[in-house]
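You will see two complexes here that share chain A, one where it goes with chain B and one where it goes with chain C.
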Partner chain A sequence: MANHGYTGKILRLDMTHRKATAIETAPYRRWGGGHGMGASLFWDFCKDKTITDGRHPANVCCVMTSPLCGTIVPSAGGRCEVVGVGVGQYPISWFTRSSFGGRFSTMLKYAGWDGIVIEGRADSPVWIDIRDGHVIFHDAENLWGKDTWATQLDIRKLLRIKGGTKTHWQDLQALALSEKDESRGEDFGRTTQKPAILCIGPAGENQTCHAALIHDAGNGAGQGGFGAVWGSKNLKAISVLGTGGIKAHDPKALLQARMITKEKYVTSWETPDFGAWTRLGRLPNPIIQVPPPTSERRPQSCQGCINGCRARYNVGYGNESACQETSWYGPFVRKVAKTSAENTEINLKAADIVQRYGFNSFVFQTGLHWLEHLYEDGVLGPGRKIPSHLPWETIGTLDFAEKLVQALSTRTDIGADMADGWVQAALKWGREEDLHTGALQFSYWGVPEHGYDPRAELEWGYGSLMGDRDTNTHCFNYIFTNVSAAFAFGKPLRIRAEELVNLHAKKLSPYAKGRPEVLDYSDANMYSEAVAQIVRWQQHYCRFYKNSALYCDLKWPDFINTNLPDLEGATASPDAGEHVFWNAVTGDTLTFEDGIEIGRRIWNLDNAIWVLQGRHRDMVHFAPYIYKTKYNKGELFPFYMWPCRDDKGQWRYTDLMGRSMDKDKFEEWKTTFYRLEGWDTKTGWPKRSTLEKMDMGFVADALQAAGRLGEEES
Partner chain B sequence: MSCQLSLPDEGLSRKILGRVSYKDRLPAGRLKPPVGIIPGDVRSLPELDQFLSPDAASLPGINLKALSEWIGGVIGDRELADSVQKIVNASVSYVDDCVKIYEVVGYRLDQARKIVKETM
Partner chain C sequence: MKDDKSKSSGKLTRRQFLVGTGAFGAVMLLPGKLVAIPYAIPDSEGFLLVDLKKCQGCGTCMMACALAHSGVASYSLSRIQIQQDSFADWPDDVSIAICRQCEDAPCVAVCPVRPIRANKPNPKQGYVRMIDQDLCIGCKMCLTRCPYTPSRIQWNAYSQKSQKCDLCVDTPYLGEKGGPGGTQACVKVCPVNAITFTTNMPDQESEESYFVNLRGRAWSKLGMTTE
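Our next item is the complex of A and B:
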């Protein structure tokens, strides 16, 4: 079988015996790539799927590419998926996922590998050196203790990579090799590229729940605590240099679809529409959350992206950081910054700090407010119930940011209690009440609310809870941001509510095609079968197209697009839809719906692993504050606008703030969701009949052997 | 925008430039796509000035009615509170209101800084 899009090999790293072997990709081809392939590899290679902490030696961590990585597929060529059991969630650290961008997945493909399976635990720190087919284990004692940037620079020095920005041809064989390496003398390629390095910093070495994997300056796999997983395996870094290429099945079709994307879906350079309602079709713009430090900057993006979301600045800080890490400290910085420029500088340097420590700043989004609250209430601080010698009175300064991240990365000060999870720390400190009042807004699975509150943004909240982590899936939330911004500015709406939901419904095949009511998040519809269908669609779409084919979450799906007269975005389109690119690269003949079905299969495999880990529907619930308190209307933003039907059935943009969730009704919604998925409604466990229809009888067998197979309805 | 506020005395100027206690803070979020609504608060007018500073990448989120009450009741600047309330009463749009309030708060801070500097 031709390996169009695939390299045909997956690298298996046995950390315990420091041994690298290759396994065939072909048996895993049915799972697509990325998450699906990684979950299947985890299923095969993890010998104990009941583990509930990713630092357990039995854990298997897979770093996976997709067939589209390293190609010109728009906003899909540069993502990389990481799967395995995570660290720091509550009550169980699930089999989970994270992803990062940049050029690592591309380079891995160029080196001839579709992914990496990491097993076991080395007896001392190592880093892995991959050059095409050659894989070398190096001692990492001299790298241990270094931050992620220093680690990457040191590895470049160890490899004798020439510095600077000038292009140099480098022969891979001439680079430094281990004395034990047996492949010396074999044929190596040559390249002008620098190695792509994925590594951990102090947070990972100390195996804290906040630990991320970092690549280059600012690409990070944050959620899931995979940095701690690597730390537990004594794996400091993986460096890869590849000199090969990727065969596309139909290069002409691939190029044609790419050109259609540019010419049809993306806003014109000559007459740019900066306020366009589209995800794919916007112009490149760094999504840093403060005003840029300078106009002297270069756009920076992942491999193959058509609208890069990061930048490099001539001021030398904030490079490649974007989104959450550039805003985690913002509410505190403005308490001390004298000017907007100083505000930007502290925020971007705080972003650099978390990148260097390999620290996932997402926990701070709501968590740092909680810590400040404990300090201001006299609970946390020197000599207080929760002892801390951090200079809390200086919160907002750069010095405090570094001290805080350092403590939480090294298990010192409050970091000692927080290393295993924030909810775990709250319980240890006797602060359970904070989960009831909302002082600690960690909404699901011991992770923070994202900024799209479950009481308003239903697909985000419900999807996170039915899954394994904060979903961080931006399929629909742009509706809220676009519409709310239009209301805030008093500007005309680009698309009326009824037209907007109808445009979406055209593309929500198969479960919700032609059913605009799935987007009706009104009080009357929020626990409906329709909303269950939108959650299913999102989970299945994402498990294949985003997490496995690795289309960028910030650009896909493109449901609506005001750059086009008919307002229809690229998603599912016959000229430049997701499946069109997939088929051009792989030679498959998937329909858009086929991709959703693969996603459903992957989702079911994930759920089976969660069930083996101990999941039961009784533990699937939000933090108490979601049921007990109302989403505080008007306090943090004036409104949360969303298309809803009124009591006469008319579609209007409606404010969703000011409500809580009804626990009993949500339990009924769960039953509906389980029924639609073909899972046992009493337990949430998969049923044999459902699994066998997807050719997953082997999963049913394993669940049955564990006594955790769902009961068939009589 | 022309702001018409009488000069504050030194005592009021110090209040205008001062910081209130944690329990007297005013909730203030920020909409930052794609991150979402980020929680936060303000504890002083200089901080409010930073918070309302126009930014192409995000929108301030604040209850403008509560803001007027907070400025009058907690900060203690009744005249500025009335000015803010007038802006809200004549609202064109939320963002437009925020920009106008940003300007009047900035004007008030300039007045207070000048007074405090003169009396030093």
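Our next item is the complex of A and C:
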């Protein structure tokens, strides 16, 4: 196998016996990288695929790179995928995924590894020290109990990495090594870089469902509770220093495509269009949810990014946090902050708190409102039905934020009940009704709704439910934000509804090419075959391009781009499309559609694992409130604008609020979806004929042996 | 900037002539007990300048540099080195180490290869200080002689030779002409335009003379300081 883009080796960590071995990447090459490769490794190495809690010793957690990691592929070089059985979902914690950015995947590639497979459980805390091909297990007793930032700084000290940003070239051999290390004396390379460290904080050590993996100050893999998975394996951290490189198949083409991206698809610095409708083509700007604390700052990005979405400031807080973690506390801070500056400061310091505890703040997105209501209704608090001694009367203060996160990270106070899942806690507290009224808006698989309600933004909701988690996939979601913002703030609608859907339809190959109706989310079309096709397209696109090739979810796909006269974005383009970069790095000759097909294969492997875990179509339901109540309160805007066809077939931007989902019609939609996927419509299980067409007969064999293979239609 | 020097690019200054002929001591004792003979060389006709407050730390310049030169994306093979500390605050969280194309380049002076030095200005390429990979013997003397931190000379572990920034003169994978008058991969690829090229030699007595403010109106509109 040509190793263009790949290192050729995957690191296998046997935590139980503290042993590191290398396995060949070649047998897993057909899965691309990232999620696909990780799912295949899980398939091979997880001996009990019926487990439904990621803290089970049989669970296998894979931390995976892609061939594009460590290269200049725009907004793809720095992502990293994590897979394994998760923690805290309801009713079953599925085989699931998360991802994070920064430098880790790049450094891992340069150290010579395409990924890491973590198996078993150490009998006491350890951290892993990877320097190029050398892997050392270190005792982590002195790191256990420390937050994620202290852990990383302590590991730097243990490695005797010099502080600051003007340090000499460091010969890896000169760094501190274990006395037991047998590699001493072998050749190491040189670097000026700090080690890239991925670690857990108290939330992970205590194996709570909201535990994240954290890297650097603000890169986190939140969903899935993989921090708890690491905690269960007594794995505190993995540190990587790499001095090698990644050979590209066609470096000239790679450089050229990158330059085209910058010069053609990204708005110019000289005459910037700050309101451009594009995902790839904007200038760097932090997507924090509060006004920046200062102009004394820089944009900060993952490796290889074309436009950084985070920032580092001179104020000493908020560095590298972005998006939801900067607003998890926002609605409550607004009640106490006296000034905008104070509002920003508390919110960004609250972001620092969740980063340090290694806590997935997204559970607070809708969850903290629920807890506050329980307190205000006299249900939760000192001496009440749900006892809590947290100072709820001070919610909105920084002090409360830390006390709350600490409790939930350490299984104290209400954290004791919530550590295994929020819906589980609701049931334990006798609050099942809250899932019917929508007081607890955890809409699919026991995880919170994302702000893009399933009753409005169909591909998000349907995709999450047909998958394993809140999809957190922003392929089409910018339509809502751009159009709604235009209506809300009187901004110009850069593209009319009909033109917008037609532009998308050009790039929705193969299932929905030339079919703009797939984006019609009107009441009349919301349960249609067309909507099933857009959900399929998104799942398959993401399983390969986003989750396996590791293109950034916030930058790709780039369907439309007002920086270009024809408004056509970079996605699937012949000069800087996703497949162009893939081929330049790997030497493959993929078409854009080939990538979608690999994604379909990966999606089928995922579904097979879910089926082995116990999935059946009868359990594939939204939370009851999605069917029983109407979507009437938006998180960002008082309306949810989306392109729809009216009674006369004319495309208009239309408000999707005010509707609920019809359960019977959604059941019919599920049947349509399963049929299109080639799955048994009675069970949702994959069929042999479908799997064998994708050269996945081995999956069909396993499903058949488990008695869970879909039936062929007679 | 030393304007007088830029105008006389390619010619020997009086000071260089004197040093070169040994009038003020042909032999210098350098730290580390190595002896180097000062070597009169024409000024480079090109220099990189960087804006430390603008860099977004994406490392794209490093990877592009290594790709353009060797076809391999790598930090360690990059002629430009970005160092960042995730736990430091702006502006001390990022530094950029570029080869200064020194007027009196110690790395050139110390090169022991004779009769033709491996490390020398290239008269066909604007006197850019370049290490000839065919001549380099891998002694690492230039690596240690560079007075800046980190050393602007890299050790190529694959070839077991030294390498340095050549302003993209020798870039088989760049796809366009490099060097002074041509393209520099790092300049062209940087997403925020934090690196630029000049023909004017920065003040050799000042480390800061290679740092410039490249933050313009768009930067200000994005809410970031241009001061």
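The rule is simple: the second predicted complex is superposed on the first by the 710 of 714 C-alpha atoms of A that agree within 3 Å, B and C clash if a C-alpha of one lies under 4 Å from a C-alpha of the other, contacts with A are read in each partner's own complex, and residues count from 1 in each chain.
Just so we're on the same page, a contact is a pair of C-beta atoms (placed from the backbone, for glycine too) under 8 Å apart; a residue touches a chain by one contact, two chains touch by 3 or more.
Keep in mind it's a predicted model, so treat the numbers as computed, not measured.
After superposition onto chain A, the partners chain B and chain C occupy separate space and fit alongside each other. When the shared chain is aligned, chain C comes close enough to touch A:255, but chain B does not. Shared-chain residue A:474: touches chain B; no touch with chain C.
When the two complexes are overlaid on their common chain A, residue A:365 makes contact with chain B while staying clear of chain C. Shared-chain residue A:635: touches chain B; no touch with chain C. Touch criterion met: A:152 reaches chain C, while chain B stays clear of it. By the touch criterion defined above, A:296 reaches chain C but does not reach chain B. Of the two partners chain B and chain C, more residues of chain A are touched by C.
Of the two partner chains placed around the shared chain by superposition, chain C is the only one that A:283 touches, whereas chain B remains out of contact. After superposition on chain A, the vertex angle at the CA centre of chain A, spanning the CA centres of chain B and chain C, is 100 degrees to the nearest 10. By the touch criterion stated above, A:489 is placed in contact with chain B alone, chain C being left untouched.
Once both complexes are placed on a shared chain A, the shortest Cα to Cα gap between chain B and chain C comes to 10 Å. Overlap of the chain B and chain C interfaces on chain A: none, as no residue is touched by both.
The touching residues of chain B, when paired with chain A in their complex, are 22-23, 27-44, 47, 50-51, 53, 55-59, 61-64, 66, 92-96. Those residues of chain C that touch chain A in the shared complex are 53-60, 63-64, 66-68, 70-77, 81, 83-95, 97, 143, 149-151, 154-155, 157, 173-175, 185, 188-189, 191-193, 216, 218, 221-225.
Residue ranges of chain A in contact with chain C, taken from their complex: 70-72, 77-78, 102-103, 106, 110, 149, 152-153, 163-169, 187, 189-194, 216-218, 242-248, 251-252, 254-256, 258-259, 262, 266, 269-270, 272, 274, 283-285, 292, 295-308, 312-316, 319-320.
By the touch criterion given at the top, residues 287-291, 323-324, 327, 330-331, 334-335, 337, 340, 343, 365-366, 369, 373, 376-377, 441, 450-453, 474, 477-478, 481, 484-485, 487-491, 554, 632, 634-638 of chain A touch chain B in their complex.
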